[in-house]
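See structure below.
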Amino acid sequence: MRAITIEYRVPYADTDQMGVVYYGNYLTLFERARNELMRAVGYTYRECEADGIALPVVHAEVDYKRPAKYDDLLEVKAWVRAQKGVRLEIACEVRRKGEAELLVSGFTRHVFVALADFHPCPPPERLLAAMADD
Amino acid sequence: MRAITIEYRVPYADTDQMGVVYYGNYLTLFERARNELMRAVGYTYRECEADGIALPVVHAEVDYKRPAKYDDLLEVKAWVRAQKGVRLEIACEVRRKGEAELLVSGFTRHVFVALADFHPCPPPERLLAAMADD
Amino acid sequence: MRAITIEYRVPYADTDQMGVVYYGNYLTLFERARNELMRAVGYTYRECEADGIALPVVHAEVDYKRPAKYDDLLEVKAWVRAQKGVRLEIACEVRRKGEAELLVSGFTRHVFVALADFHPCPPPERLLAAMADD
Amino acid sequence: MRAITIEYRVPYADTDQMGVVYYGNYLTLFERARNELMRAVGYTYRECEADGIALPVVHAEVDYKRPAKYDDLLEVKAWVRAQKGVRLEIACEVRRKGEAELLVSGFTRHVFVALADFHPCPPPERLLAAMADD
């Protein structure tokens, strides 16, 4: 399955008084990339929820190498790095657009759960098929 | 009905690169004060929702006079400034603890709506009674 | 001076448990639109700060008419509604892309201040010229 | 060195449309606990910055076991789990007040850097002394 890349312009809201993007805000950036990854596959997270299945995060790791700053135009690359049983892992990398230097990287681990009872459940067939075709 | 005051310690997360609290974050601070105002009255917003009624914000105004900064210990005062029919207005003032100078003030206007259909509805009897007793 | 419009895809991060965008997050959305308004004029806020001038918000008002939801593709329109002396007012309107219905509107009032002492100062010549040419 | 515990009431702002605290917001909660850990030691992060030293996060990990919800009164416990050379690791655990069940745990790794050039530097003597005395 291919990786996708989104662009993101850093607002003042994301910065802190050290003049860089606050460390917690990268997790929102990772989410933005995950959303577009699913859209690119052809099965959005909104459709996933409409099918009664959610993908809560059970683990997250982030490596902060270089800070992003206000008004930077960032590129966030995301791809599925593992999928087995009820688990899904999505990796992300953040760079300034057109630059090779890695600013921030990390991944999130998700578990497919039924919205009805929040118990783990098999991934939606449509998502597995879409991921296989992609 | 009395005013209540909450204390709030400003984290780095709330600041921006100008070294002050980002302007949007005061609306979360206003919400924290509103939550405690309802708790002080004896009818929490959680109970309100459990009774099938929500209080979405339909209008907000904020005046920014002086900036709050990282690690400041703030006091946020909140009180009902108007309640008529399906409308409720709550005013807020932000100061540093123990200081008279007003940093930020504002208010939010809310409408009571039924969670079932999001149509306006009368305020919960329990809230009106609690506000009258207070 | 023309109005500009930005697109914004709503992440889960912006929603709250009522299933809609949290009211405070629109102020960040307004900021995203203001940033692009200045870029469109040819004088970014980053350049403004580099010239020693900042534009803190002194007043904000927001009208919430209809809620935006997760994964909505929004359009935020922004324009200068007033500029006189050290004051600048920027208006914003939020709609779903391609829809006429107004979801949220509001404005922010700013004062030009020197970064050196945070005292009010005249607007940068470059910005006034750019706004006049636009 | 002892662990400290802070209390935190979850506002609507922290929740998402799944009805739980958004996963990125725990990193702000971790920061709130770190701030109070340093205050308890007798050397606040504000003093650290005033001494020309910052403590940016270089790595963060979070395990999400059970969700926190709106209006929950949380306890966040924080302690130094490692300090060697320019590195500092602080662990955090989140529970509902008075309950044994662990909701969220994790840690952040920091590097002491000089604010002048953002190069790694030895920890402030005052902090090491305070941590040894504690």
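Points to keep in mind about this one:
Read from first to last, the chains carry the letters A, B, C and D; within each, the first residue is number 1.
Convention: contacts are C-beta pairs under 8 Å (C-beta built on N, C-alpha and C of every residue); 3 or more make two chains touch, one makes a residue touch a chain.
The model shown is predicted, which means the values in this text are computed figures rather than measured ones.
Comparing the chain pairs B-C and A-B, the larger number of C-beta pairs in contact belongs to B-C. Placing every chain at the mean of its C-alpha atoms, the farthest one from subunit D is found to be C. Here the spacing of subunit B and subunit C, counted between their Cα centres, is 24 Å. Here the CA centre of subunit B is 27 Å from the CA centre of subunit D. Work out the mean CA point of subunit A and of subunit B, and you get 33 Å between them. In subunit C, the positions touching at least two other chains are 12-13, 18, 20, 24, 27-28, 31, 70. Residues 12-13, 15-20, 22, 24, 69-70 of subunit B touch subunit A in their complex. Partner subunit A is touched in their complex by these residues of subunit C: 9, 11-13, 27-28, 31-32, 35-36, 44-46, 70-71. Taken in their complex, subunit C has these residues touching subunit B: 18, 20, 23-25, 27-28, 31, 54, 56-65, 67, 108.
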